[in-house]
Amino acid sequence: MLKIGILGCGRIGQVHARAIKAVEGATVTALADALPQAASALAATTGAEVRSVEAILTAPDIDAIVIGTPTDSHFDQIMGAAANGKAIFCEKPVDMSVDNIRRCIEAVERAGVPFLTGFNRRFDPNFAALRARLRAGEIGAVELVTITSRDPAPPPVSYIARSGGLFRDMMIHDFDMARFLMGEDFVRLHAMGSALVDPAIGEAGDVDTAAVILTTASGRICQISNSRRAAYGYDQRIEVHGALGMLRAENQLETTVELATDQGFRRAPAQHFFLERYEAAYLAEMRAFVTAVTTGTAPEPGIHDGLQAQLLADAATRSRETGQPVDIGG
Amino acid sequence: MLKIGILGCGRIGQVHARAIKAVEGATVTALADALPQAASALAATTGAEVRSVEAILTAPDIDAIVIGTPTDSHFDQIMGAAANGKAIFCEKPVDMSVDNIRRCIEAVERAGVPFLTGFNRRFDPNFAALRARLRAGEIGAVELVTITSRDPAPPPVSYIARSGGLFRDMMIHDFDMARFLMGEDFVRLHAMGSALVDPAIGEAGDVDTAAVILTTASGRICQISNSRRAAYGYDQRIEVHGALGMLRAENQLETTVELATDQGFRRAPAQHFFLERYEAAYLAEMRAFVTAVTTGTAPEPGIHDGLQAQLLADAATRSRETGQPVDIGG
Amino acid sequence: MLKIGILGCGRIGQVHARAIKAVEGATVTALADALPQAASALAATTGAEVRSVEAILTAPDIDAIVIGTPTDSHFDQIMGAAANGKAIFCEKPVDMSVDNIRRCIEAVERAGVPFLTGFNRRFDPNFAALRARLRAGEIGAVELVTITSRDPAPPPVSYIARSGGLFRDMMIHDFDMARFLMGEDFVRLHAMGSALVDPAIGEAGDVDTAAVILTTASGRICQISNSRRAAYGYDQRIEVHGALGMLRAENQLETTVELATDQGFRRAPAQHFFLERYEAAYLAEMRAFVTAVTTGTAPEPGIHDGLQAQLLADAATRSRETGQPVDIGG
Amino acid sequence: MLKIGILGCGRIGQVHARAIKAVEGATVTALADALPQAASALAATTGAEVRSVEAILTAPDIDAIVIGTPTDSHFDQIMGAAANGKAIFCEKPVDMSVDNIRRCIEAVERAGVPFLTGFNRRFDPNFAALRARLRAGEIGAVELVTITSRDPAPPPVSYIARSGGLFRDMMIHDFDMARFLMGEDFVRLHAMGSALVDPAIGEAGDVDTAAVILTTASGRICQISNSRRAAYGYDQRIEVHGALGMLRAENQLETTVELATDQGFRRAPAQHFFLERYEAAYLAEMRAFVTAVTTGTAPEPGIHDGLQAQLLADAATRSRETGQPVDIGG
């Protein structure tokens, strides 16, 4: 039985607690949150014990840590968990600073602890199936990847102001997905973005609508677009074009019901947001973490994947600010 | 150049005139209609000559007759055309009386003239492709055929009163389609029907909503349903279930445009009615007729197909009236 | 906390145990099965106690019974549960004998215990949403209901031989769905059926492919078709046609991934069978039962719904055997 | 009756001849082609007279010229037609040289002759409907336009070598579509492209796979991607995201038939190429031209639209070559 300590009992911590409950061979032993009520509420539904972060990181009865705290707490918690030999499941982004991520990598590798970066979309059954079929050669060599991500509505401007910006906060998922699908490193990127949804987002120095093109050394192309608003629900689509055809994954709709009237044929909106759409992904992600830790294999996506996605997000941020393409890596 | 005389210059006569114009190797030489203005209007757009029905039937410069007059004129015109050795394209139904159809068959076969019964749906590119793939064995042996036909709106009650009833006027197309797809004769049928769309249709002795089950000697099953009203356009669907899977043909929508809003994903209505949906079918039908006549092969569907569909429509009418199943053939 | 005893720890008992685990306010206290290993295996994953059926039925620490045993055990267990004042969740069919169901109704009503008949499809999120929108008037008055049910593959002939036949074993779900959607009693029915999938099914006196038409007093029509085989997965579709349009629910596919090649556009098969397709339905069903029992409202579908569906299944069986329509009720 | 002279009797000249035949109020009076057989073949099916280009440009019995010759002939023919006061329908691109197009504009405006640039996709019923609904405000202000164009297979390398490159030869259609949909000028563009389909295309100095991002002064974004190869047919899709939702137009498939087997649900490939997909568009385009000329309104898209699209194609070519974004206009 893998005994897990959860740091952070907000929305995402609760998602992971629910997932752990449904995974065989794992249990939530302890949890911590800066807000006492958040911790005790989750303790009540899980049966876990409320402790301090420090107590959890050093506890001998804890095997693995799930980090779902605000991003600026990640660094210390990762360093602490690594120092104490705990397996680590850390929500994205690992850290806003690439330098900090590199220091985490060093600590994690020195300690030899398993590390999973929480890019949950890799575990979505649709995207995972698409990628498996891609790797199985169903459409031959990849030529062009198109990723569309649109949130149902923008977060509060107060959140945006300290989010690191759309490319680091939202599109980072798509950068990881692009890497996951492409199977070759990107070498160049150009990003454009605007504040069209809400001028206040622009005043906060961020964009809410953006498009990026990335290319690999062999010339493969990826285009990503993001919007902070989609009237019809959480829009999460992928399309990969290859030598032999195309693989694409459409949205999951709320139901399969269709209404036909003189206005035409109307299906349901897309599932509202990530809690609905990625419910199965969160479960599969936790199962993959528990399996990797208990069998001694390296979890994927690992901490290097967290670093690479952050590097792309930084590059996109710079490209958007300068209006120039950015070379990556080297 | 196949020289064609058109009898009946109403809506369907105009459809056939347009089709002939687009078919290589055929021309409209003459046309007739009980309403002089209808004839002269169609003459103006085709360049054909207005003549009497009798003159057309006996004209030495006419090779083939297209009959698009009211049903109660068909018998005399078929007999006249056969007597004069003309190839015949006759709109469905051949005649309301099975005895009359049998007399037509005798005359047509004695004269040895080609005869096509205007079951246009066999020529719809979707249904034709479905049937070809069925015959090619893509789903193995047929087990269950489901046919759905719904008109956008009922015709005037005055039309319904002299139409022969829904089974002979509307479902006759589906009976022919059932035979076309099944590839085995039906032996038994049960029909149920109601006037739900308009009580005046019921008062006229007819139904506007109906469902029929038919079975073959080997136990294959076909279910057909009809409605005189569909808010979302002309609903024309087919589904065939076989040992290895299913083949189905969906509606053609007005456009491929889809609108996504907080109400969901909305596509266009189905193409409004038969003129839109079966435009390509009418053209293919005429091309098949001209090709058959000019190459000396037998057109399909022939006059026997017209008879068989009428027998099924008669049986369904009787079944609905008596509430009992009806055995067919023998 | 509603304390539940599960009778029968086979596939469906396990489904219900999993559902109870996920429902707040309910727990599995005890379970029983004729096979000791089945009981102890489920006890191990639920933490419940293994007892005898009798002990569970009379236990003071049990509030509700979930009956997932073979059909011929239902009668005694229902009578026992009612006699001991337990709430009852009983898998369909309640009993193969309409007389027995009537005796159960008497006992249940005398005891005043809540009773839910396990027609799980009413709780499928798609079908439930369709029905709610139907009742909300989105397509006006119902005119024509079409229900399609096809299993991925037939059960063993040994199962079929003691199943009561396709109409009682498989189509009974569709009869309940027809009642659920129509909102008016059926008065007449005609069934046709054949053994096309496997001649051994025919030799066992049953059919594997069937179609039924039902009508209500006001002339509304329902057509149901069943097959014991569908190459493309569990085919579960509903279509309701009304005065203002159509509502339909399509299959849930395994994923949303689509492959486009020179062969066309290929989506995934339908979810394989009921465990996958109705996973959410089973959970919603159990939640509805627990909520009804704990709040003192009558669960739906109740035992009368179990009776009505059985009456339709009996009528369809008779109709298929005699080749004649059957009048219902009165 | 608008009397039309066709210059160029190749594939596209034949398309236009067929369209003119179907448009009321227009006729092909004369035609010319460098290959005598091509001219006489089209003369035979249209009944038009074969003449020289010069004779047609100066003929008093010709009202309008349709230019479907190779691009390097357009300039002289436009200048000749303008000088002789003929209405002009010119295939895209107007000319490879922006300077030449500017001289054509001067000549056309001085002569006051109507001019339509053959961006046929604006007339596709799906795209035209999408745009009309966009303008009607169905999704509010446009924020993000996504255009996907993929040819079924690359043209011969010999063609590519003298085509002006993918951006001028193929993506020019998408640039016009982007302008058509966006309703605001683009100010900046970044293009990336590779030769992934065929290295010989790269050796000829061109690309076969490309993606471009364009932005407008107000920050709206358009992303376009092209491939010279799509196994599943001619891939022509548009998606517009706005404040209130999304409008998109999917491909037209060869038929509506769907096959369901253990491999899943398979629909037909997309219509093969432009002759099939844009058949209705070519007809609507010609009808629009004839209507504009005969009613004295300005045809759209006009010659300025031809210029603007060429400017974008030039900018994209430069961007791809330099690896830098390009500012447009000013």
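Here the chain labels run A, B, C and D in written order, and each chain numbers its own residues starting at 1.
Please note the rule applied: a residue touches a chain if its C-beta (ideal position, glycine included) is under 8 Å from a C-beta of that chain, and two chains touch if they have at least 3 such contacts.
If you're wondering where the values come from, they're calculated on a predicted model, not measured in any experiment.
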{"item": "Shortest path length from chain B to chain D (each step joins two touching chains)", "value": "1"}
{"item": "A-C or C-D, whichever has more C-beta pairs in contact", "value": "A-C"}
{"item": "Chain whose Cα centroid lies at the greatest distance from that of chain D", "value": "C"}
{"item": "Averaged-CA centre spacing for the pair chain C and chain A, given as whole angstrom", "value": "40"}
{"item": "Chain C and chain D: spacing of chain centres that average the CA atoms, whole Å", "value": "57"}
{"item": "Residue list for chain B, restricted to those that touch at least two other chains", "value": "139, 230-232, 244-246, 254, 260-262, 268"}
{"item": "Of all residues in chain A, those that touch chain B in their complex", "value": "230-232, 253-254, 260-270"}
{"item": "List of chain B residues in touch with chain C within their complex", "value": "139, 141, 143-144, 146, 148, 150, 188, 190, 192-197, 209-213, 215, 218-221, 223, 225, 227, 229-232, 235, 241, 243-246, 323-325"}
{"item": "Residues of chain B touching chain D in the complex", "value": "125-126, 129-130, 133, 138-139, 244-252, 254-262, 268"}
